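Just so it is clear, A, B, C and D label the chains in written order, and each chain counts residues from 1 on its own.
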Amino acid sequence: MYARISVQTGDFSLDAVINELKQETKAVGGICSFTGCVRDINDGEDVSSLFLEHYPEMTEKQLAKILDTAEARFDLLGAIVIHRIGLLHPGENIVLVAAASAHRAAAFDACHFVMDYLKTQATFWKQEQRRDGGKSWLRMRESDEQATADWEAKKD
Amino acid sequence: MYARISVQTGDFSLDAVINELKQETKAVGGICSFTGCVRDINDGEDVSSLFLEHYPEMTEKQLAKILDTAEARFDLLGAIVIHRIGLLHPGENIVLVAAASAHRAAAFDACHFVMDYLKTQATFWKQEQRRDGGKSWLRMRESDEQATADWEAKKD
Amino acid sequence: MIRVKYFASLRERMNRGEDQIEVSGDQLTLADVLARLTLPDGQTLQLLSLAETMMLSVNHEMVDIDHVVKGGDEIGIFPPVTGG
Amino acid sequence: MIRVKYFASLRERMNRGEDQIEVSGDQLTLADVLARLTLPDGQTLQLLSLAETMMLSVNHEMVDIDHVVKGGDEIGIFPPVTGG
């Protein structure tokens, strides 16, 4: 399987990512992608920016492990994960996961799986800066923990 | 909900579609998209091209109905469906479905739902042209009928 | 008058893209309409529909074979769709 | 020598990005390491970890609190991740 992981400050192009996955093999029938972006309101608070911190030596290792698990579990031809770090504003892209397969169900499942595990396993942290000047580190959502637990339960 | 449907001969840009959905509201937290493209091999046959025919007055009406159903069922902020018609070659894009939501699970589910219903309800037909010169109209896959049936069963 | 449109493999087998049929005062279902339409070999679409799945639309909405049609309707007859 | 790195809210609360601790010949678990590390108010990380979930890594792999560490290891201590 073709795989690429990037942790970067700059933005990404989804068209370039789709083309990259299609270049690898003409057997690709479908690519599912998820683009996560900064919302202007989170849990009722007006967000002015998000600061993304990560654990440099660890993050790519964790993401590679998630892609390995996805490759073993789904019928994948390729996958790309791009995650931005640093200061981001409402409307800006944070993360991209794209999964290519011969058939669509595997592409959807693998992309969703990688996003769900990224949320609970990849060493990124978000600090929210609000319009009122306040700052706070976000907490992991219970729904994110549940999503990973659901995949674990479905494993067999 | 913001919605746009296009049946067109030309290609599309996923980056433009993502930006279009994000323009509508800064409440968008995630966009799930599916890009379907022409494979070079289908059911063991070498494909040289696909010809896409549709029922002009009916197709957009069917697609709008699918988006209405998705809007009623999922927590969506916007959705775009683009489907190409005419002659397409291996590696070229055929279809794009993009669904935007505040949270990722709704975006994944809605995008998958729209793709599954498009496969069994939207009036498009593919004629495959093979390297050996043969041509044949593709048949609906049982797995596609099953996918729609699964969503119907999950409705309640 | 009712306009009937054919698509994809059915259009090719009919060797034409559409037909027009006259409607009398009688109630006509789509099954009745299919009995009046014939392939170049003389076989009716009603007979063909027993052997192969066909999808039916009236005025661009999917309908069942017992749907009642009226003058001015546009009927679509086509094989299962294969887009996406 | 073991290097310990803190991230995000824990880094801010520790008021430092990392610590280094000496290891004797004894077997040391991560629980033992947490007992040796203190917040500016004197509270140990072991005590804090009873009140708040902390994630632990050794040499960039997630591990449990009973994991045994050795000289040269790099330990990461951080709150639950919130990327994506």
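Basically, a contact is a pair of C-beta atoms (placed from the backbone, for glycine too) under 8 Å apart; a residue touches a chain by one contact, two chains touch by 3 or more.
Just so we're clear, the structure is a prediction, and the values are computed from it rather than from any experiment.
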Shortest chain-hopping distance from chain B out to chain C: 1
Separation of chain A from chain B, taking each centre as the mean of its C-alpha atoms, in whole Å: 22
Chain centre separation in whole Å, for chain D relative to chain A (CA means): 26
Whole-Å gap separating chain A and chain C, where each centre is the average of the chain's CA atoms: 48
Centre-to-centre distance between chain D and chain C (centres being mean Cα positions), rounded to whole Å: 73
Contacts with two or more other chains, residues of chain A listed in rising order: 36, 104, 115
Residue list for chain D, restricted to those that touch at least two other chains: 84
Touching pairs among all chains present in the structure: A-B, A-D, B-C
Of chain A, residues touching chain D in the complex: 36, 52-55, 57-58, 61-62, 83, 94-95, 115, 118-127, 137-140
Residues of chain A touching chain B in the complex: 13-15, 18, 22, 26-37, 39-41, 90-91, 102-105, 107-108, 111-112, 115, 143, 147
Residues of chain D defined as touching chain A within the complex: 5, 7-9, 12, 57, 60-62, 74, 76, 78-84
